[in-house]
Every structure is written in C-alpha cells, then in structure tokens.
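Here come two complexes built around chain A, the first alongside chain B, the second alongside chain C.
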Partner chain A sequence: MADDASSSSGCAGNIIDNSINQDELIMKQQREIEKEISETIPLVGELEELSSLEKEYNEDPVYLLKVKDLSSKYKYIRRTRPDGNCFFRAFSYAYLEHLLTDKSEYNKFYEIAKNSKEILVALGFSQFTVEDFYETFMEVVQRVGEQAGGTPESLESVRTELHDKFNKQGYSDYIVVYLRLVTSGQLQTENDFYQNFIEGPRTVTEFCRQEVEPMYKESDHIHIIALSNALNVGVRVKYMDRGEGSQVSEVIAHDFPEGSKPLVHLLYRPGHYDILYA
Partner chain B sequence: MAEISEKYNTKCPGVKRLMREAMELAEATEEYCARPLEDNLFEWHFTVQGPKGTDFEGGIYHGRILLPKEYPMHPPHIILLTPNGRFEVNKKICLSISGHHPETWQPSWSIRTALLALIAFMPTPAEGTIGSLDYSPAERKILAKKSVTWACSQCGEIAALLSSTTAAKPITEEEKTVLNQIAFKAEDEQTAKPPEEPAHTQEPEPQVLESSEPTNSFLDQLTEILVALLVGAVGIFIYRRWNAHYPTSETEL
Partner chain C sequence: MSEPQSSLLLKKQLAELNKNPVEGFSAGLIDDNDIYRWEVLIIGPPDTLYEGGFFKAHLHFPKEYPLRPPRMKFVTEIWHPNIEKNGDVCISILHEPGDDKWGYEKASERWLPVHTVETILISVISMLADPNDESPANVDAAKEWRESYSEFKRKVAQCVRKSQEDCS
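Take a look at the complex of A and B:
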C-alpha cells in the first residue's frame, strides 16, 4: 500500500504537490511518534508502585514534592498508552475493575448502560453501527457482572481477562468508541448547558463531531463532565501540573460530577491520564 | 457469507462489523450498491448513480473500497474506476470532515455514509484538491453518458448492478448534517498508522492494487513511448520510400 501511495503522489508531481503544507509533514512525524508509542507502551499497563513516578522527576524538585503529596493518598499507579484515548480507556478500566467488588453499583450501572443505546439511536446515530459498539461494550460489562462479588480466585481470573481484553486493540478501541458516543450523546442531549463550555463559534454538535467522536482526540474537562454525568459515576482527577498557587507541592483534585463520591481515581499530567489506586 | 465466516476470525470486531455492513448493503438500491469481493472482505466494489440535477445526472460510476485492517477505527479508501471528470480514476481518495485531517473519520460512520457522502460531494468544486479534476460541465456530461456502458473486469456491466426499483433507505437528519461536512481528498502520504493486531487469519491486503492498476504517470509514459515508436516507424517508412525512389549505392550493396 505504501508503494502505491508513493507512486501516485509521484504522478501528481505538480504545483499542488510543492505546496503540500507543513500540516502534512507534521502529521507524518506525528504518525511516526504514534507508531513508536504503540510499539513500546501497552494500552493499559500493569500495576506499579507510585514511587515509580519519582524516577521520572529525578531532576525536578517541584514535581518530586508533588509525587510525595500524591503518595500520601495513593499507593499504586497503572499507566495507559498516551494515544489520545487515555481518558476513556483509563476511566472504563478503573470503573469496571471497581464494579468487580461492588455488586450494587454494578446493578445501577447496568441499567444505565443498557438504556444508553436507545438514547444514541434517538439522537440519530446510525442504529447498526451504534449496536456494533454497544454489543462489544456490553459483552465486557456482562463478564464483569457475572463475576462481581465472587470469590477472590474468580475475581483474580476475571481481572486477568479484563486486562487482556483492554490490551486487545479490537475490544479496547470498541469500548473507547462506545464511551465517546455516550459522551457525545450527553453533550447533545444537554446542549444548552454544555454550549457554555465550548470556546469559539462552534455548536455542541460540531464540537462532538470534531473533538469527541473521532478516535485519538484528547479529552478535556468537558468530556469528563459529560461522561461522568451520563453514567452517573464519580471521578476524581488529581492534577499534577505546574499550576500556580501558593501550595506548590499540593496536587489539586477535582471531582466530577461535583460533590459526587469518587469511585475512579485518575492522575492527570499535561495531555495524559493514568489510573491511581489507594 | 458462509465462506467468509470460515476464513476470517469473526470474533474480531472489524470482521464482524464488515459482515454486518455486507448484510445491511446486500440489496442494491437505485442510488448505490456495494459488496465485498468474494475472496476478500476488506475490498469492496461499489456503484453509485450520478446525483440528479448535476452534470453527473444519468451517469453510473463504479469503484473500489479498500478497508484498512483497523477499520472502523480508520477510514476506508475509495478508488473510482469509471472516468467521471470529478475525481481522478485509480487514485485513492479519503473522506474526512471538510478542512480537517483524515483523523476526523468517525468509527460510527459506515460504508453507506462514505457512498452517500461521495454522491453528495461529486458536484462540489474541485478547487485544486489533490485527486480532484475540474472538467467542464460539457465534458462531465459526455463522460456521464459514456459511463452507462462501462464494465468492470470483475463485476461486469455496471449499469446492471444498481436496482431499478428499490430506493435507498432515506437519509436521516443526522446523516444529512454529516454528509454536508464530509470532504474527499487524495492522501499524499500514506505512512501507516500504528500497526495493530491482525484482524483476520488471512492477509487480504497483498492483493490490493500494487500491481494491477496503471497509475496516471504510467499511462503518460506509455503514451510517450507509443508516440516515439510511431514517429520512428513513420521515419523508417519515409526513409524506405525515399530509398525506393532514389536508390543509392548503399542499398545496392
């Protein structure tokens, strides 16, 4: 395929070709970086001691203080691949993992998940493509439900299974796509409210089409607010960045939706989300 | 279909999805039809009707759809085979949201979305986009007329492929807003996205397009060679006639 592409670009060798904008070059470089990332970092990694973060910031006293603050509340971290889908992947992994030990939360979630498809179809999303993602998503959710609250041995085996599925591109991406659709559905359903969060002249629908539904588009506050509201799941995000403020060493937390009890804990570093464990 | 399910890993979401789409599109409509090749679920052939009220009215256009192994995470490529005056033939074009990168393809779009968008996009101005042609209305109308008798080496007469009675499923409001936003353009670089797990037991990719289709530049070269040969032949002919009339000592040798 690559051969074919290069031969066809060769034949278009005219003015248009010369004006290939910087964009194309940047995109090419970006793809190379993505390729390298996908070869070296798993979609969802193994549990690691939080202290593994210290190694990343050996030379950075400000961040080392922040890691220290973080380690007073969390013991472990699970890294995800930085491919723009990390929020959705980290969120769903951490939440499904939590549901394994919380049957009543599972029952609540199952009802919400089951009804989510109808909401999307009513909004005009193509029934059969939505169904395609929904079925894979529910297949994984139901596997969790079958084992939720089971014996430690059965939990361990289903954890392994979950981990495998999240590292299989097919399953993992299908879950991400479905959550992106749910997020988009929530934004569009409550578009009067969410319009206030969108900068510039874009409508909520345009924003969804450009920033929510396509894969590899990074998540912002608005994505997290919408998804946590749509699924009624509390998410705490610890923001580890160079934010201003007097208490530099403190890692600030945000709960979504506000005032909820967080069941999923994520670590945010600029452009990326990982999972935190107490 | 039975054969396909034996050949591919149906547990793999991409394969399941494509089989679903094949079923969804199994019945030809007046506006479009598409189906996978018998031996390759990742390559389809399609036929669309030229949009009414445009230079393409009455035209029937045939082409190939190449599905990447990451489909539906990555967009399909479309290759038009019937000369149409709007898109170069034998060139991969790709859909994305107008003014955005191909990354704006959405997994919830489908082959139907791509075909409807292609039909809707045909009458838009070419504006020098890579892979676009800016033929005059008259030329496009002539091509539209000619297209009716065009035949595909694999599918036969394309006019027979579309239904004459079945209308396509009506376009929904959501689809309408999507279609207005989609643009087609040839991709200039084709650096592969991160490699992902093989979607199926057999690799359908290799059969795809490398060898069979002459690109435009190849055609141009061929024409040049032919012209050169012709000029040479005419030269020799004149030379021999010249000799016949004015024999020189050399020819007598």
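Take a look at the complex of A and C:
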C-alpha cells in the first residue's frame, strides 16, 4: 500500500495509484452487494421452520448434522439482514418479543432501560445527541409494556406492530444505535475488566469509537458480554461453524452472562446472527 | 412519523446553536426552506496560520442523517493538506465505517451517529490547526507543508487575506 494510504482520510481523488483504483472498484462492488442485500432481505424476516436451514446445506454433510442437532432443541428460525447490525437487531427483537409474555421481566427491564440514558450522560455522551435514540428506543419498549401479558388477540396485534417497526429503517436503526451506545457505556464503565479482552494497543474508549458505536460494525463476544451485562439479560448463542469440537455434529452453545438463564436464543454462523425459537 | 427524524434532529440542532452559539464558528441554512443544506462560517483558529480568516463552508446532510454522515465543502478558497482543491473536506469522521478501504489495521475514528454539526466543526477546526499529512487530499499542499513550509505559509496567508476581503 502507498504511503498515503493512512486512515484518517478516504479521499483518494488526487492520488494516482493503481492499487487505489483497485480499492475503489472493490468498494463499488461492495456497495452493489449491500444494495442487493437491502433490496432482497428484510431487516427482520418472518418466522420459518428450522428445516429451511437444511436446504441451504444440501451438499454439506457436516452442516446437515449440525442442523439436525439444532432441530432437537429449536423449531423455528427468524432471519435478520446481514448488515453488521444483526446481533443488535436480533437481540432486541427477540428480547422485546419475549417481554410481551413476561410482565415481571418487563418491569425489571423497564427500570434498567429508563436509567440507561443517565449512565451514558454521566460518561460524557452529550444529552443532546443521546436523547433522540433513547426516546425512540423507549417508545418501542413502552408499547411492548402496555400490551405485555395481554389477551392473545392484543398480543398478536402488537407483535405485528413490533415486526413493522423493526422493518422500518428509521425505528430499527435508531434502536440499534441506542443499543450500541449502551454497549459502549458498559465497556467504558467496566473499563478495567474489558481492557483485557481488547487486542492490540487500543484503549477501551478507542475500541468503542471504532468497533462498537459505528453502525454496520460486526459484533464479537465482547459486544455480547457487555450488552447482556448492561441490560442483565441472558443470551444463549448457538455456534454453528466448522470449529472442531469433541463431537463434530454438535452445535456448541455459550450463555452470556455466564450462568444466566437465557431468554434470547441466537444462532451464530460465521459473521452473522439469526433468532432461534424453541 | 410524518416528518423524517433527520429533519427534526437538524432543526433541533439549529435552534440549539442559535440559542447557545459555539465559539469558533457560526451556522445557518443556505436556504431557509431546506434543513438539509447548511452554511457555516469558520473563524480561523487563533495561533494557527489560519488565524484572522473567515472560511465559509457548506454541509449537505443525507435524509439518513444521523445514520450516515453529511458531506462538507469549503466555498471559500482554502489551502490545506486535508481539503481538496475544490473544497471537499477529507476527514475520517465524515467517512462511513463501510468505507474502510485501508482495512482493519489502520481503523481510525469513523462516522458515528452521535455526531452533530458542533462535533463535526470542532473536528474540522482542530484539523485546520493540526493537518494530517499522511493522508492528504491536496497532495501539493501536503508536500509544501512537509518540504517547503514557507511556501505553504505564503499560500495560506493569501487565502486568509482573500477570505477577509470576501467577508467585508
């Protein structure tokens, strides 16, 4: 890479260098792929039978065994758009859906959610900017609360409403932004602890600015640990990859925070999270 | 939501900046009917080569703001390593995370949805004071800044003078 290829600028208009033209082409292609994804895959999809996964792996005996293992524990899957925000979107959708039928968990969560903005402001985030995302997030949370534990009919209608909101870019992305901020807030609050998980010379704050707060940045273990701790919500992630386990056919699970009772179940396949239902 | 969130958010920022102006710049709309196009006047930061200058710039916000960044362009002529000759500002925080063509290793601060006109301008003002010559948008300015500082100073002084004439 040329000397000019540093980080703080992406404007290569004046630089004549073949490697950069190549980069421009790759970026153009990347945009086209993103555009196609956003036109064909909804932000959050409909409920599908787990067997729909089998079709994807017709030619792949290892994965087929894993799908079989998965289907002994789960019946349905709900796919999310692979745009780098999928963990946050899948998590919030699955959790809010759960809260509809768990009023006492809702009451506990409501207090945590309500106080979350003050924590961010105390950390130095500007009230002015956090407020907008907070308000949109709380608006959706409160809609869930109004209907939680209601009749089957009212639950059905609020489920539809939730599904619509999660598929409206405005609402959906504002929720993602807010959860990214909450995750960043948790990392910075427990700075000493999380510093150990960060590779390289970056500080926790730098890591947050580069890997947590920006949209479309993919989530890793550290994001999940931080968010599940911040909101005190148990998450089980089933890891379906080619990693070697004692049993190849088994889909390994991790619970976050460790030892918690999982209320949200997610399927991880390299680079992507979807929601699982028992 | 009949009015897009972006428009409400920008209106809120404009009202806030009018009520509590921030030192170093002033902000308004290019056309009162278009909340997505702003004009800012940056006062050359003290103790820099740009001191005394008044630099006008335009900010164009996308409908997806604050999920996507605005573009910023100086309309007053300005000579700086990180500003293209046509005025386009090249600063990492105005680039989306997806535009990370230099790869993971060199990730620097990218666009964040919590940025406002105020935080953008604070970054731009600090860039005026402290150019980043490793990623120049104006290669000639960067070269001068590194190798013939007196020539660089002369060109900047010229811009400062010109900006004062334009403003008076």
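The rule we apply is simple: the second predicted complex is superposed on the first by the 254 of 278 C-alpha atoms of A that agree within 3 Å, B and C clash if a C-alpha of one lies under 4 Å from a C-alpha of the other, contacts with A are read in each partner's own complex, and residues count from 1 in each chain.
Throughout what follows, a contact is a pair of C-beta atoms (placed from the backbone, for glycine too) under 8 Å apart; a residue touches a chain by one contact, two chains touch by 3 or more.
This is a predicted model, so every value here is computed, not measured.
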- Task: Using the touch definition from the top, say if A:F128 reaches chain B (first), chain C (second), both or neither.
- Result: both
- Have a look at where A:A226 lands relative to chain B and chain C in the superposition and call it first, second, both or neither. neither
- Touching A:K35 in the superposition: chain B (first), chain C (second), both, neither? first
- Message: Quick check on the superposed pair: does A:L266 touch chain B, chain C, both, or neither? Answer first, second, both or neither.
- Response: neither
- Message: Looking at A:C86, would you say it contacts chain B, chain C, both, or neither? Reply first, second, both or neither.
- Response: neither
- Note on the structure: Residue overlap on chain A between the chain B interface and the chain C interface 1, 3-11, 23-24, 27, 31, 34, 125-126, 128-130, 132-133, 136, 169-170, 173-174, 177, 181, 209-210, 213-217
- Note on the structure: The answer for chain A against chain B in the complex is residues 1-12, 16-17, 20, 23-24, 27-28, 31-32, 34-35, 37-39, 83, 123-126, 128-130, 132-133, 136, 168-171, 173-174, 177, 181, 205, 209-210, 213-217
- chain A-facing residues of chain B, complex: 12-14, 16-17, 20-21, 24, 70, 72-73, 91-92, 97, 100-101, 103-110, 112-113, 128, 130-131, 172-175, 177-178, 181, 186-197, 199, 205, 208-210, 215-218, 220
- Item | chain C-touching residues of chain A, taken from the complex the two chains share | 1, 3-11, 13-15, 23-24, 26-27, 30-31, 34, 84, 125-126, 128-130, 132-133, 136, 169-170, 173-174, 177, 181, 209-211, 213-217
- Query: Touching chain A in the complex: which residues of chain C?
  - Reply: 1, 4-5, 9, 12-13, 16, 64, 66-67, 82, 84-85, 88, 90-92, 95-99, 101-102, 106-116, 119, 132, 134-139
